[in-house]
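Naming follows writing order (A, B, C, D, E and F), and every chain is counted from residue 1.
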Amino acid sequence: MLRVRNLGCARGGVPVLTDVSFEVAAGQAIILRGPNGVGKTTLLRTLAGLQPPIEGEIDFPEEEGAYASHADGIKTALTVTENLKFWADVHGAALPATILETFDLSDLRDRLGGTLSAGQKRRLGLARLGVIGRKVLFLDEPTVSLDRFSVKLFADWLQDTHLAAGGVAVIATHIDLGLAAPELDLTPFKSAADANGGSDEAFL
Amino acid sequence: MIALLLRDLRLAFRAGGGFGLGLAFFLIVVVLVPFGVGPETELLSRIAPGILWVASLLAALLSLDRIFALDFEDGSLGLLATSPLPMEGAALMKALAHWITTGLPLTLAAPALGFLLSLATEAYAYLLISLLLGTPALSMIGTFGAALTVGIRRGGLLLSLLVLPLYVPTLIFGAEAVRRGAEGLDPTGALMLMAGITAGCFALLPFATAAVLRINLR
Amino acid sequence: MGWTRPVLPWSFALAGVCLVVGLVWGFFFTPDDFRQGSTVKIIYLHVPSALMAINAWIMMVVASLIWVIRRHHVSALAARAAAPVGVVFTLIALFTGGIWGQPMWGTYWAWEPRLTSFLILFLFYLGYIALWEAIEDPDTAADLTSVLCMVGSVFAILSRYAVWFWNQGLHQGATLSLDKEENISDVFWFPLLVCIAGFVLLFFALVLMRTRTEIRARRIRALQARARRA
Amino acid sequence: MPDLGDYRIEVLSAYGVSLVLLLVLVWLSWRRYVKVRAALEEVEKNG
Amino acid sequence: MIALLLRDLRLAFRAGGGFGLGLAFFLIVVVLVPFGVGPETELLSRIAPGILWVASLLAALLSLDRIFALDFEDGSLGLLATSPLPMEGAALMKALAHWITTGLPLTLAAPALGFLLSLATEAYAYLLISLLLGTPALSMIGTFGAALTVGIRRGGLLLSLLVLPLYVPTLIFGAEAVRRGAEGLDPTGALMLMAGITAGCFALLPFATAAVLRINLR
Amino acid sequence: MLRVRNLGCARGGVPVLTDVSFEVAAGQAIILRGPNGVGKTTLLRTLAGLQPPIEGEIDFPEEEGAYASHADGIKTALTVTENLKFWADVHGAALPATILETFDLSDLRDRLGGTLSAGQKRRLGLARLGVIGRKVLFLDEPTVSLDRFSVKLFADWLQDTHLAAGGVAVIATHIDLGLAAPELDLTPFKSAADANGGSDEAFL
């Protein structure tokens, strides 16, 4: 479903990763590992099409990718439901009845986004993924500041709902999600200092 | 697409959304000018058309940075970019929302402020018409500018720098129309030209805006 | 808010009576002024509203002080409740004044000091209300608006003198000034007094009612917050 | 109805506008008063 | 304390810090006005003092929201609050930094722009002096306003709404001084009063600002 | 060194925690646990003096507390060193020679704050704590988006440098820091729905 071949990506004009290749079949997830600064975020942004790759190719079904990171587009002045409703509308989807239960947001239904705690906000951000119904998810540290219980909640949703429905997920994280998924350590793909590509190339 | 418009309007009307602030700013600028140039009615009424237009232009200007910056900071913009919504449509909706929350109220309030500057009676109609034709252009151009500066934190000032020059033609024709109206000359020419500008902006700028947004999201 | 309940209807009734009596008296049963003609009748709206516009702000300052010092919630809410009333009075003063200008000065608006300082007062009201609206947490809002109200008052006074300096104007002298020679004859005097009384009472009643509303709204907010966690 | 001379419009409009403004203010305040009171009773009944 | 000042200045000079933007905005507003009111030099030179003052006031205004908002968003403000630095001192430094990056350049550039509006020759000296005395007050008052609205995301417009009325006295005296200078009258009175206002602002507002900041950080 | 007695704190006018009491001796750390939304952040902010408590008392040496959270006051337009230098100056301290090594920032020395990866930013934020030389640290999820290695780095610094020098730390976190410190679960202190206190009390 998702195939990446010899991908290279740069950040701030500096090549960060080179020659990354992997495949993910429908219903599978893959977990990106690597020390801080190796390029997980950069890779995910490139996969999601938020920045152009410097080489290689990425292919997955059109209009099926979704990127989620720390900044998860929550409006502080809108209630939890309104926030979700908006994203549902934008994606022309209906709000799944169970979504609030799934992410344990039922009690917070009418809370303004701004009055949520760090973890509650995060849960709302993740609930968004359940709403937009995209098949290929690129998740950058999705469980930051979630407690164990919520992490489990999210892992279960991913496993039983998203992947079970033939979805795909690429997840960058430093913790253990308790998810049966292959891991990909990015350290070996780190670009050599003299790697070319990147916007400065023309001047080297 | 309509969902985006509705959300923006709702956000604008919520507490802290800053609806009506543009209006208040307009009022204040118009009030400040006499403090600057002095109280002579005759002098004020001569500069009234220009001041009213410059003031409404500034009022529109100050609300521009809200157009994209908030969405950019909280990541909504990036998510919109990966959503089925075409960027062009988003840009258009943003401009529309801005006009409804700023340009329209300004237009309706302008005549009342014309009083303060003792604007010539004949000019009121033209003031209204010219603003009605002109403010949409201001919103659309402003949206483009906002897209240009969206990456820059607190880029409000830079934004105004980029946008103000683009406002010049609209300003000239708008103020000219009102002035001619005040002097009893025929302002249709100026109005026509301004309508043209507005039409052109809405035909072309959404695409430019979308392109700029995509670049800024990299 | 116990004692206010019985007082509320009475103050409204009294205010209504005073206003009706004063305005009817002033409008129908006073002669025209020899130099101002019938326009002198405007005074019955203009002077009271103008006075109350100022007094409303003064009351807000006092309430803000009480809130800042004693942290007495009701006073903060009272200040909030008074602001819109003050705005309306200011508007009336501006409007009647403006209209008065037409016959007197041949223009609806002149940048005359007192008019101008009321315009500035109007701006202060706007900012004050806008700040209340903009802040989510009510206590923070109360604190911030209080500070704004006090600092604002200082600048409002400064502006008033600045404006005088800027344009020595053509406004009427004070009506109620206790200077020896009565500059306005009793015929106009008594209805005017009744109207002023009416405006004072109306202000009092409105602020009472609006404060009660604010308190209840705040209580709803509190109860809902508690319910949410239950 | 007293004869207001040639400033009829001014005087009448002054009275008209002022009274309208006052009535609107009173009406709005009253409406919100009733609304909020009802809402509070609602909340207190449930809570 | 000095460290804060230096940091703010450095940030202002760094790319995106927006140093000189205020200046450019000033320039543009002054350039826009003739487009609005029409090109007659005689008319322009009459309104020149007022326009120059209003413009510099607006330029100062537009850069206000950067004073605290950035520090608030990235948490620096909270950390400063728990640091040994007294809030009053921080407020003062902020105002100072704002003046150095905005008021000072404005003052120095104003005469050049007076030229554009064909300001009377006698007035230049007074323009310079009045701005030199007045702009610090603008910065201090603005800092207070910025502190009031720091909690509000993108509160720029509300900020201007709160601050502009506070600017009125400064504006009146400033413009009056220049106008009198232009008409060959004696402007010392106005200048004195303005100096008084400035002194008062710096004596009192830092405390108000600090108090407001503490409230907003709760 | 840090003593908290019957502390109650509120958020958004709503009491969140009541009757929290604990003591931390010099050289000790304590770890706050609890599900998302229980009130860890609120408690830490109250301890740090960023918001007033609704009851109870907190005492620790004057001018010795420091609060650190996700928003760690990093200027994107300043380099790593400049960022640290500034905080050192504000606290009238000198920049410890080894600080950059300790938090593995040496290579990033002259990077602009804005060009750091999530974890690198976090490390910079933590390095600040080593610079200001405050004794009582209130840390809100200090290790968010840090990789295992960096977490260890931080834990070691806390243990061997800060605590060893007689410092104190109150840490809210969901992960395991591998720190030998008592844990305090806040769940039992959750305010009852009808608890009073909080700014709304007057209206209940």
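Just so it is clear, contacts are C-beta pairs under 8 Å (C-beta built on N, C-alpha and C of every residue); 3 or more make two chains touch, one makes a residue touch a chain.
What you see is a predicted model; the values in this text were computed from it and never measured.
Considering the contact criterion stated above, the chains in touch with chain E and with chain F alike are C.
At the interface between chain A and chain F, over half of the residue numbers appear on both sides, which makes the contact a same-residue one.
Rounded to a whole number, the gap between the C-alpha centres of chain D and chain F is 54 angstrom. Distance between chain centres (mean CA atoms), chain C to chain E: 32 Å. The centroid of the Cα atoms in chain B and the matching centroid in chain F are 45 Å apart. Chain D has no residue in contact with two or more other chains.
Residue positions of chain F touching 2 or more other chains, listed in rising order: 12, 70, 76. For chain C, the set of residues that touch two or more other chains comprises 120, 123, 126-127, 130, 134-136, 166, 219, 223, 226-227.
A list of each chain pair in contact follows: A-B, A-C, A-F, B-C, B-E, C-D, C-E, C-F, E-F. Residues of chain A that touch chain C in their complex: 107, 110-112, 114. For chain C in complex with chain B, the touching residues are 98, 107-112, 119-120, 123, 126-127, 130, 133-136, 166-167.
On the chain F side of its complex with chain C, the touching residues are 12-14, 191, 193-194, 199-204.
Note for the complex: chain B touches chain C at residues 15-16, 18, 20-21, 24, 27-28, 31, 34-35, 38-39, 41, 44, 115-116, 118.
On the side of chain C, the complex with chain D involves touching residues 23, 27-28, 32, 37-39, 41-42, 45-46, 49, 84-85, 88, 91-92, 95-96, 99-100, 102-103, 202, 206, 209-210, 212-213, 216-217, 219-220, 223-224, 226-227.
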